[in-house]
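Heads up, the next two complexes both have chain A, just with different partners, chain B and then chain C.
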Partner chain A sequence: MAAADSPSTALGRCDLCNRGIRLAGKMRLDVTNLLDTYVERQGLDASASVAAVEGVPVAAVERWDEQTGTQRLLENLAAYRAFRVLLAQMLEEQREQLGEADTALSRALAAVLLQVSAFAYHLEELLRLENRGPPSEEGAEPPPLPQLSLFERKLRGLGVLRELAQWALRSARDLRQLAKASPGSDSAPSPPDSP
Partner chain B sequence: NLKCVTHNLRKMICTWDVSSKGRHGQTDFCYTTNDLPSPVCFKTKEKRVEIPVPERSTTVTITTNSVSGTAFATKDFEIHEKDISFVPLTPRILSLTPDFSTSTLNLKWSDNGSVFPYGLGAFWQIQVLRKEAMEKVTQVTYYSKLTHEDIILSWNWTSDMPLECTTHYVKIRCYINVTQFVGPKDWSDWSPVEAIPGKDTEPNGNGVFPQDTVVAVGSNVTICCVHEEGQQIQRMTYGPDVYPMIHLSSRSSAIRVLNASASDTSGTNVVCILSEDEMEGTVLFVGYAPDIPQNLSCETSNFLIIKCTWKPGRPSGLYGNRKTNYSLFERISGKNVSCKVDEMNRERVCGFPVLADQNIYDFILGVSNPIGQTESSSLLVDLTRRVHPKTPEKLAVSGNSSTSVRLHWFINGSFAEIRLLCQIEISSGHSERKLHNVSLHGGKFSTYMAQLNALRPYTRYQFRVRCSAADHFWRWSDWSRVEEHTTLEA
Partner chain C sequence: DSHIQYERVGADVTMKCGSMDWDAAVTWTANGTDIDESHLNGSYLILKKVDLTQSGQYSCYEGSSWHLKYQTYLRVGTPPREPLLMCRSNNYPKGFYCSWHLPTPTYIPNSFNISVIHGTREMVCEKDVFPKNRCHIRYLQLFSTVKYKVTLTVTNALGKNSTTLTFDEFTIVKPDPPENVVAKPVPNNPRRLEVSWQNPSSWPDPESFPLKFFLRYRPLILDQWQHVELSDGTSHTITDAYAGKEYIIQVAAKDNDIGTWSDWSVAVHATPWTEEPKHLTTEAQVAETTSTSTSSFMPPPTTKICDKGAVVGSGAVAVCWTAGLVLAAYGVLFI
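And now, the complex of A and B:
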């Protein structure tokens, strides 16, 4: 059970949560637009079903409402750290494959990568407020990318962006949940308000 | 019916039949020719013997005996060359090597020439077969001359579909054109087939082939989908279009794209949608071979770097690591420089270092991309005649007189070997602009000075300067920034 929060900490967390919710909302919008551009530029079928992509954190979670605030933050942070790496890989591949030919898609990818990095930093701030430093990133390097064909990379990119859009949705709900939780109820399960 | 066949024009194999009545023992075989002193005889259980090919004819006596050795029957044969068939030995395939990246098969075989006299003509028929039903894809006839030595012959064939798609088979036979041999001549037997297994024979060979390849606009391309046994292909799409499928084997089907058009920057997706919503795919990049670069032009602005520009012609439509690469080759020095070129920038530029003690350069611009390569015509350049100085900088005007001023300016570059012609533009108020030319010794990253006289006192003037090579004019630099100055009162 965490020590009772001082009013300023609770206020700080609430403010960070609200800003995080706005960030997640903006990110979701941008990722959705990026998805449309990506599908169109990569010549993909928007309805194509993409199998679960290895190394991409899955937004869907069981017993969502039973998670503690810290669990939510830790899972979100791990996810956005992973997305930061995945998007950076996509950007690198984009430049390697298309060079200067498709700067619009590269710029959109870079913009979302920036938001993901900012959001990860935001989550770290929230974790510090929980008197719990964010886990270090050492040793958390992602597994090396499997040798994929170009088409598989295109599909992988589609899978990454789709999952990121789902995470942006989940993060907003997680942060709303965090903002609602009364101070000091770190271990208290969240009210049954399942998604 | 005694039959004799020779494979090498020296020995012949004779075979015969024997009536089936009674049980036969050994056979007495005798043959004689007019250059043999006496008949050569031997016993054989076979109904087959190998004896020399006669110059003109051979007389053969065959006596069949019973098991106890008593003679059954005797028959004489007169064999002339015209009665002997000449059938070369079946060719021996030494190797069949696939190059999957180019879908090419390389066949190597021995021509077995040591067996034959020098100079005979040989025809080689090669068949390529494919699919489970081993359908003939092509048959070619290849000609060679025998040299009385065993020569390894080689033949390449490029498939119209990736070799991964299904197993390709090759077999070969030959015909030796022995004009002086009067007997019947025939093709050899076909060699046993050599096979290059397709991915549809491998346990986890699934996929769409060719993988991520580049083809020229207008190509006809065959793309196949290799899947698990029992899996069904629902459809195969090329870009947005569904294509009819060609069955290759139980694990492989293909589509044929004719006259492929240029793909988008990220390539054209070829997708194989399988049952249970599984999907395999590849990306095809359809572009152009590089055009011959036009209007190659080279100049130097500082005698350090030679800047060459050119018109690239039609864009290749290929980007990233498939884009067109340029390299500048200078024939006199033998130096080659690869150029860093932005495919999206219309102006193409490449820098080549000015070499010590070399004023004459003979450039060729090489261009290549995955579809092809070409080069510009060569360009002979005398550097002293291709000086295009940089814009003069730090123009400063000074003077403590009413009718004259001094101008100083700096030019970034090393012009010590040439003279510079600089032009100073003088304007004031609404009077007409005047140009004043001055010829100067070039310097190394120098500041230059010129004096202007006969100016009007107490007048506000605007000055700017540009320079070029004095002896062999090529191009003016851009104008410097304008600098203002008012002459003193008289």
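And now, the complex of A and C:
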């Protein structure tokens, strides 16, 4: 029979979940503000449709309510690790475009990048608490920057930020589901006792 | 040979009497009433600039034999104007519904067709039995950045019209108002009111998708509302109520993260606790009591035999049990 979680583990998970929910909420607010700044500074139309961008983790999910806690954490972690790379690339592009000028947009991008990194770390902690070490990032090379025109890069950035905003929303919901689940419910069902 | 004929308001309508020649002698009736010959051109019936009152059954009879040669039901109406369409999710994350109506009636039957597209996927909008102008869609995906496109087409015999709505999953989320709002005074607190409510029953999972609330209250005598936003819990204590004043209180709900506020709940009324007036102890009060006792009849205690509560039976044969026992005791003594 699988060992039940100790009360301290359950409390630790609950505490991490609640902090994660607050982090995700703050991140979502900041990403929303960043989106407004980005659209304005890049001269884009806020309602512009952006086709699915290659390499950007999509927050949309089917049968969301059927996911296990571990699935939720793994998918979230994979997403935020990808966003960490994507935002770093966007920041780099910004700096190349505008030189070393510390613009409001660059500062906002950097701030969100920091939150994304912190959130990824938070998810790793949660996974450790689930007795599942986070998957290794070693050897994972960031995807090469696609050769895009300036306008295409701007649209790509819009797609990245929109998807990140959805992820922040999803993460808060995922962590609430995790906090709601009883301890040990994500463990694989134990095999029946042999006769 | 009877059929239905649809014509626009204001149109000129010409009705032929079936296969009868133009110069045949015929009689036309409208809802059984003969139509004056001035409306005829030969055997054709001419109706100029028809209006809604001219809807009805038109019949044509051969002149001499009164054989029915042609019958039609004329329905005068209008083609549909652009319909009004709205979509809303009051049960997120289960799905959303769309409802529609025409801004003006057409006076003839209409049919509605709705299509819902999410990206490249066409989704099924299941029509409600009641009301008939509504259908609901289940979310197949959550957290999508791809917009939904809903197109409603209304068609009748005189034309068609359509409208399209495009929206994100999260913009149409609007819960129903909170339910069972209760407001009570707080004993010994003349400036407090305790308000409690419940999540709308249509909201499927408030634990995973918590709601926040907006409470508004004002004394009936003032127009200005006070507002309080509450991020958790389904109760609140108002601590700044005016003593003794009746208040009106309402609550609204919103998903913590997305969408818009619900409509306001049903209003409840409550008045804060007030202290009961104490008994007066001044000389004036004593004098008042004396004057009160002399003005109303009070039988002196010594003449009171029975307690009112001990009397049973009708007024005519009322027996006072206490007096009865005393009399019975005397009776026993003398036997």
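Note that in this section the second predicted complex is superposed on the first by the 179 of 195 C-alpha atoms of A that agree within 3 Å, B and C clash if a C-alpha of one lies under 4 Å from a C-alpha of the other, contacts with A are read in each partner's own complex, and residues count from 1 in each chain.
Methods note: contacts are C-beta pairs under 8 Å (C-beta built on N, C-alpha and C of every residue); 3 or more make two chains touch, one makes a residue touch a chain.
Bear in mind the structure is a predicted one, so any value in this text is a computation, not a measurement.
K.L.:
On chain A, do chain B and chain C fit together or clash when superposed?
P.N.:
Overlaying the two structures gives chain B and chain C room side by side.
K.L.:
Of the partners chain B and chain C, which touch A:V61 in the superposed model: first, second, both, neither?
P.N.:
second
K.L.:
I'd like to know which partner A:E96 touches here: chain B for first, chain C for second, both or neither.
P.N.:
A:E96: touches chain B, not chain C.
K.L.:
Which partner does A:Q166 contact after superposing on A: first (chain B), second (chain C), both, neither?
P.N.:
After superposition on chain A, A:Q166 lies in contact with chain C alone.
K.L.:
Check the residue A:R72 against both partner chains and state whether it touches chain B (first), chain C (second), both, or neither.
P.N.:
neither
K.L.:
In the overlaid three-chain picture, which partner chain does A:G25 touch, first (chain B) or second (chain C), both, or neither?
P.N.:
Only chain C; A:G25 stays clear of chain B.
K.L.:
Quick check for you: in the superposed arrangement, does A:S149 touch first (chain B), second (chain C), both or neither?
P.N.:
first
K.L.:
Have a look at where A:K180 lands relative to chain B and chain C in the superposition and call it first, second, both or neither.
P.N.:
It touches chain C, and chain B stays clear.
K.L.:
Upon superposition of the two complexes, what minimum C-alpha distance (Å) separates chain B from chain C?
P.N.:
Comparing every C-alpha of chain B with every C-alpha of chain C, the smallest gap is 12 Å.
K.L.:
Determine where on chain A the residues touched by chain B overlap those touched by chain C, and list them.
P.N.:
49
K.L.:
Residue numbers of chain B touching chain A in their complex, please.
P.N.:
My answer: residues 207-208, 211-212, 239, 264-271, 277, 279-283, 319-321, 323, 342-345.
K.L.:
Considering only the defined contacts, which chain C positions touch chain A in the complex?
P.N.:
93, 140-147, 170, 207-210, 257-258
K.L.:
State the interface residues of chain A toward chain B in the complex, per the touch definition above.
P.N.:
41-45, 48-49, 95-103, 149-152, 154-155
K.L.:
Can you tell me which positions in chain A touch chain C when the two form their complex?
P.N.:
Answer in residue numbers: 25, 28, 49, 58-62, 64-65, 162-163, 166-167, 169-170, 172-173, 176-177, 180.
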